[in-house]
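Here come two complexes built around subunit A, the first alongside subunit B, the second alongside subunit C.
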Partner chain A sequence: MKFDVAVIGSGMSGLMASIYLAERGVSTAVVSRGNPICSISSGCIDIAGSGPDTLKAIDSFPGEHPYHKVGKEALLESIEYFQELMSKHGLEYDGDSRKNRSILTPIGKRRVTSLVPFTMKAAETADGDAFHIISFKDIKDFFPSYLTGRFPDAQVSVFDAGTHTTVGIATKMDNDDFLVSFVNWIREQEIARDKIAIPAILGITKTREIHDRLERDTGRTFFEIPTLPPSIPGLRLYRSLRKIAEGKGVSFFSSAEISDFGKERKKILGLTIKKPGRPDYVDAEAFILATGSFVSGGLFSDRNKFSETVFDIPVHSPAGEELFNEDFFKLGHPIEKSGIRVNDRFIPEDSEFENLFAAGSILAHSETMKYGCGHGMAISTGVAAAKHAEEYIR
Partner chain B sequence: MRSSFENCIRCTICVEECPAFKANPEYPGPKQAGPDAERFRLDGVETVDKWITLCTQCKRCDYACPYGVDPSKLILKAQIRYVTENGRTLPQVLFANFHYVAVLGSMFSVITNVITSSVLIKRLLRSIGLRSDIPFPRFRFRTLQRFRNQSAVHKPVAAAAKPRKVAFFHGCYLNSNAPDEGRMILAVLEHFGIRVVVPKQICCGLPALGNGDLAKARGFATENSKELAKYVDEGWDIIYSCTSCGRTLIYDYPEILGTDEGNRISENTWNLYEYLLLLRDERRIEFEFKPVKRVISYHIPCHLRGRGVPYPAGDIIRQIPGIELHIQDENCCGFSGSYGFKEKNKHTTDTLGRIAVESLTKANPQAIISDCGSCRMQISNFTDTAVVDPIQVLCEALGIRTSVAGG
Partner chain C sequence: MIKTDVIIIGGGATGTGVARDLALRGIDHCLIEKKDLAAGATGACHGLLHSGGRYAVEDRESAVECIQENAILRRIGSKCVEQTEGLFVRLPGDTEEYRDLFLEGCHEAGIETELLNSSQALELVPNLNPNTTEAVKVPDASIDPFRLCMLNVESSKNSGGRVFTHHEVVDIVTHKGRCAGVRARDEFTSEIEEIQGKVIVNATGAWGDQIATMAGQEVQMSLSKGSLIIANHRLANMVLNRLRPAANGDIIVPNETVSLAGTTSIRVDNPENLCVEDSEISEIRSEAARMLPDFDGVRLVRSYTGVRPLLKAKDPSGGDRAITRGFRVVDHKNGLFSILGGKLTTYRLMAEKLTDAVMDHFGISVPCTTAELPLEGQEALSGYPISKRLRELEDMMCECELVPSSKVRQVIEEAGTRNISDIQHRTRLGMGPCQGGFCTYRALGLMQETGRMNPEEALDALRSFLQRRYKGTRSLLWGNQLREEQLVEGIYLSLLGMAEHEV
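Showing the complex of A and B:
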């Protein structure tokens, strides 16, 4: 099948790129090997740094950081675009991308991020601000005692949902009868605080309804605390973006292992997708590489060699530095700098192709862990690469 | 059936997609049932637990996994081993041999349909672990096979320059339970000037696999492949409409047969609508649709979703003027063929069915379509909205009046 642009990867950057393009009438395909890592993320949008001001943090990032190629204005615009899309879809993201805020993590520590889904809006509590905890009987992946260890004043009420997994409880929450019984149970509890912390299980599809109903019927404020994966807020984020893309006419090729690609001089012509039976072929005028970093499978490394897994583009890696040393788990490890180097138009510098653009965590020097810029990078470089791809095909 | 379980990094992305996991706390999910438990099974210890049978084989985990693990394959292997170690239950024997049930059911359809709805038989079914609270599919006497050699009723209207020839693999459901829809498919193919035959065939083998009988599945596959390979060798394409049969032919035949014949069948088998789109792209056929004013929700069967291509029937139906199409692919209907007929799976099946139908009916559709007969059966248990095969919409838009409809 033939498209104007084929985006490889269905994570944050790939989906944002595809939505941007499809909205402008560009026929777009997304080719991906499986569901993305963002579906098990906390669902929060980190933009930059850990201080109060995100833009100030970016000023201190090294010159090669992809944010400097995006530009601050375009960064803010792309995040605003993301917020608009999500609001229209019914999963509002709260916050100002120029500012950071702190949310409560499942181990009771605070973590800095910028935008949060509306279910975590009330998570930003001043120190000493008291809250009540609702947990679930035998729940895996959420342990209230971590929280009470740090907040000894917090009381815990435990509801028996008849199931013990976050996915199972969230599925039940989407059922009206179950929700009613849960609300009634809450009303019977002795809860001294106005704020209630709850693991992130407020439904998979009807989250808005569930959250609002809980607050209305109990008269309290609720906020979700992200859990260990499987992570419902991440799942909501991924499914929403994918639904938005589908609604705008993006075609999805999933379970798609790219086994080969066709090229002619400086152009990539099409992708071959290996499948049982016949392969599928996706041809396009331009391609966006948004396959992610090592954990997502866009990059691969063994002890001696780094490689890019689709087009075998040379990977920039911090040469001469010892990669596997005792500091492996420390922030700022040189492996985080590795990736694909791009020019100002997000075209990989070390490749021969003129119709290939790269976006997201595959980009060199992004160091998303160190700089706290994961989803912000994905969104802004995804949109930026899409703009350049659109310019190229016009 | 090999799968590289060592690629698993335990990210739980597969768990997020698993329908059985979200509905049934007894089932630990594809990560644990697949790659995690596989490490122990490799030791040869009897570690296949009973919960392994709670997996519906919807394949959503394979689709979700970014690392190529294919948990469903590991689970299927363990399910087969579980049945081998623990013996077959009566429902498993019954459904592994569903082909013969269907053939007999159709042959004596008048009697079968009466007795499957009788109270006594329902009580009997219940006593062997089958559900008696949902209708058994009605069997039809005029199966596709029975009249397969009769010539076409419809004259080609847009005969292509070089006519394509296809062999239609109908599977059990379209043959014995929904032969009218089967005939509509033949009529549509002929409408586009495509030469179509219905080769001799038996069950694709999927129910046998799903009920732990690999030998039987291999037997069915061998028999089918002998017949189908003849057509392939003479330049015919194999067309399927049942997305589970199609998946079995394409994905499973090469592995369970392990022969070149299996590969040839896999490479030359096409989804009906994908095939029509291909011919359209090659400008061999043109779509000329009459307007059909209708709001339609399209339930994507898991086994179509697993193909990983944009949904071909949706792509065609969307082009019919007047149609408002809502695609729903996030929910498994929960029935999964014989799985849903078993009493022990009732809770899982019903929970998932209710979730799927709730989202399908959200847009207030006048009809719900789905390629899969088993999905259609399940959906119609939860709604009064008409649940039909996509071919019915296509026939209407093409102005094909089928004398068979409703007969």
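Showing the complex of A and C:
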């Protein structure tokens, strides 16, 4: 099959790139091996740093950081673009990308992020602010006592959902009858506070409806606390972006292992996708590599030798340093600097190809955990790479 | 102030073995351990219940002890021994001469052997190196040292013995030149517990000299560090040894869902703060892969190291591998008895000999019955086959080792657990492929729900667990283990917000 652009990877950067291109009439394919990391993430959009001002934080990032190639203006635009897409889809993201805010984590700590899904909007409270906690009987990944230790005023009510996993409870919430019994149960509880904290289980597909109904019928404000993977807000984010992309005509090749690729001089011609029987061939004018870092499988480390797993293009790696910190809690192992170096058009510098662009956490020096720029970097470099790919094929 | 007859210092296999022996002989006692049970060499070994084959050529006396104790432990401890059997594998380059010496040594030590040709060996272990020349089958087995210690302590508790874990002996009290008791500090509260006793047993392994010194004595030992790696799969169902003189990386032991490979032998002066060198990992991995090629690509999830407290060599020229794995009971003639050397497989015999010496000292004659009576408390462990665990699938707290939260709750409530490693050792929670990445947060949550810990303590425990876990995996971060590590970091540092921020 022949496309204008083939995007490899269905994480944040790949999906954003594909949506951007499809909206401009570029025929686009997304080739992906499995579910991306964003589908198990907290669903929040980290943009930069842990201080109040994201743009100021970016000023302090080292010169090689991909954000400097994107530019602040383009970063803000791409985040706004993301917010618009999500709003139209019914999963609004709240917040101002120039600013950071904090949300509550399941151990009662605060974590800095920039944009949050509307279900976490009310999480930003002063530490003294009082809230009630609703939990679920024998739920596996949420223990209110981590929170009540830090917020001694918080009372806890426990609902028996008949299942113990977050995915199980969230799936039940999507069912109307179950939701009604849950709402009725809440109304019977003695709840002294206006605000209610709840583990992130407010449905997978009908979250807007569930959230609004809970607030309307109980007269309280609810906020979700993202739990351990599989974290439902991440799943919603991924499913929504994918739905948006499908709606705009992006073709998806899922569970697709790329076994080979064709090239001619400085051009990649197409991908061979392993399948039982005859393989699939995806040809395109341009390719966007958005396969992520080590954890996602875009990069692979064999002790001290690093490789890129699709095109085997050279991986930049830190030289002469210990690759890992001694302290688990110190952010930014030197190994996280490794990745693909790109030029100003997001074309890998060390590769021979002129029609290959790279985006997301596979980029060298992105160090997303250290710089608190995970999804923000993915969105902005995804859109930036897409722009350059579009320019290239025109 | 607690008064007792015998104070045992050290909660490894030997110390807990002495506690059980004293309990069965009706002697009042109390055991003090500075960390958790099996926290020293016992828990840092490969969990191999030796047939004695390893020592059949070079150390006949130990070989005889091993095969006798092997049979006893299979009998009395069926729920902590997995009767895997073992192979000594001869690869190209390993000599026929050694094989003959081995067969002869085993025969003389009373170790049953069966010589297998290459295809017979591959039938038993299909992923064995296909170039295997031949193999000798021996009665090796896999043993869970944590369970073993717990079951020993069970007998002690049943007879009224008291066990103080997380209590470090800071002082041995003497009266007119004789040991009269100890002072021990609680790791958590720093409170000092004073215990009076007529006899003190020093079963502290590599820490033996430190304890003896407190009583104005000294013991001579050679400390030899041995490192191991854990692979995330059970790669073979039998213990595999190399049929050649003892060397680095010549043992692979299946242990429930994972495989352990080791060891190395490096002389050290101090048993504290040891780490595994990259070179040790490379050597163990490549040697293990020679016997079992699958070891090459497998994900390694943890490395760890322990210290063998060996008897001082009579002839130091042979290196630590040549030192006997035998043991010695020392009566310091001031109320202190030390037990030196030995190994996990012979722990019961060591305890018996030491207890005999203590009984002699008291002038009481009660025979040892530890070899006849099954370990107490095994019933609770026994009904735990995989079919039963799977019934509670919905409620699984540790998915790797299939530990349901009901089981964890039971341990927390019954065992008075104050510490996450207590749960790990009793249930195997967190000991599988993800090494506690997911379930530790859950177990600590349960500790709070049951009122065992407050949130600050739980977070401290979580922090120290994560740092310890990281130390065990830091030198193995490549391939899929690196991916796993990045996932775990994402969870704890980012999602839960436990990172220290700089930017």
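By our rule, the second predicted complex is superposed on the first by the 389 of 394 C-alpha atoms of A that agree within 3 Å, B and C clash if a C-alpha of one lies under 4 Å from a C-alpha of the other, contacts with A are read in each partner's own complex, and residues count from 1 in each chain.
We adopt the following convention: a residue touches a chain if its C-beta (ideal position, glycine included) is under 8 Å from a C-beta of that chain, and two chains touch if they have at least 3 such contacts.
All of these numbers come straight from a predicted model, not from anything done at the bench.
Chemist: For A:163 in the superposed arrangement: first (subunit B), second (subunit C), both or neither?
Modeler: In the superposed model, A:163 contacts both subunit B and subunit C.
Chemist: Quick one: is A:229 in contact with subunit B, with subunit C, with both, or with neither? Answer first, second, both or neither.
Modeler: So A:229 meets both subunit B and subunit C here.
Chemist: Should A:96 be classified as contacting the first partner (subunit B), the second (subunit C), both, or neither?
Modeler: neither
Chemist: If we overlay the two complexes on their shared chain A, which of subunit B and subunit C does A:297 touch? Say first, second, both or neither.
Modeler: A:297 sits against subunit B and subunit C alike.
Chemist: Mind working out whether A:205 is in touch with subunit B, subunit C, both or neither, as first, second, both or neither?
Modeler: Only subunit B; A:205 stays clear of subunit C.
Chemist: By residue count, is subunit A touched more by subunit B or by subunit C?
Modeler: Here the partner covering more residues of subunit A is C.
Chemist: Which of the two partners, first being subunit B and second being subunit C, lies in contact with A:252: first, second, both, or neither?
Modeler: first
Chemist: When the two structures are overlaid on chain A, which partner does A:280 contact: first (subunit B), second (subunit C), both, or neither?
Modeler: In the superposed model, A:280 contacts subunit B only, not subunit C.
Chemist: May I ask you to decide whether A:124 touches subunit B, subunit C, both, or neither, giving the answer as first, second, both or neither?
Modeler: It touches nothing on subunit B or subunit C.
Chemist: Give one of first, second, both or neither to describe whether A:171 is in contact with subunit B, with subunit C, with both, or with none.
Modeler: It touches subunit B, and subunit C stays clear.
Chemist: Which residues form the common part of the subunit A surface touched by subunit B and by subunit C?
Modeler: Residues 37, 163-165, 229, 295, 297, which sit in both footprints.
Chemist: Note which residues of subunit C are touching subunit A in the complex, please.
Modeler: So the residues of subunit C in touch with subunit A come to 394-395, 397, 405, 438, 441-442, 444-446, 448-449, 454-456, 458-459, 462-463, 466-467, 469-470, 474, 477-479, 482-483, 486-487, 489-503.
Chemist: Mind pulling up the subunit A residues that touch subunit B in the complex?
Modeler: 1, 33-37, 39-40, 162-165, 167-168, 171, 174-175, 205, 229-230, 235, 239, 246, 251-257, 273, 275-278, 280, 295-297
Chemist: Considering the complex alone, what residue numbers of subunit B touch subunit A?
Modeler: By the definition above, subunit B touches subunit A via 9, 11-13, 15-18, 21-23, 25, 29, 62-68, 250-251, 254, 266-267, 269, 281, 305-310, 327, 330, 351, 354-355, 359.
Chemist: Enumerate the contact residues on subunit A facing subunit C in the complex.
Modeler: These residues of subunit A touch subunit C: 37, 41-42, 46, 49-51, 57, 60-61, 105-112, 138, 140-143, 145-146, 148-150, 163-165, 226, 228-229, 231, 293-295, 297, 300-304, 323-324, 326-332, 335, 369-372, 374.
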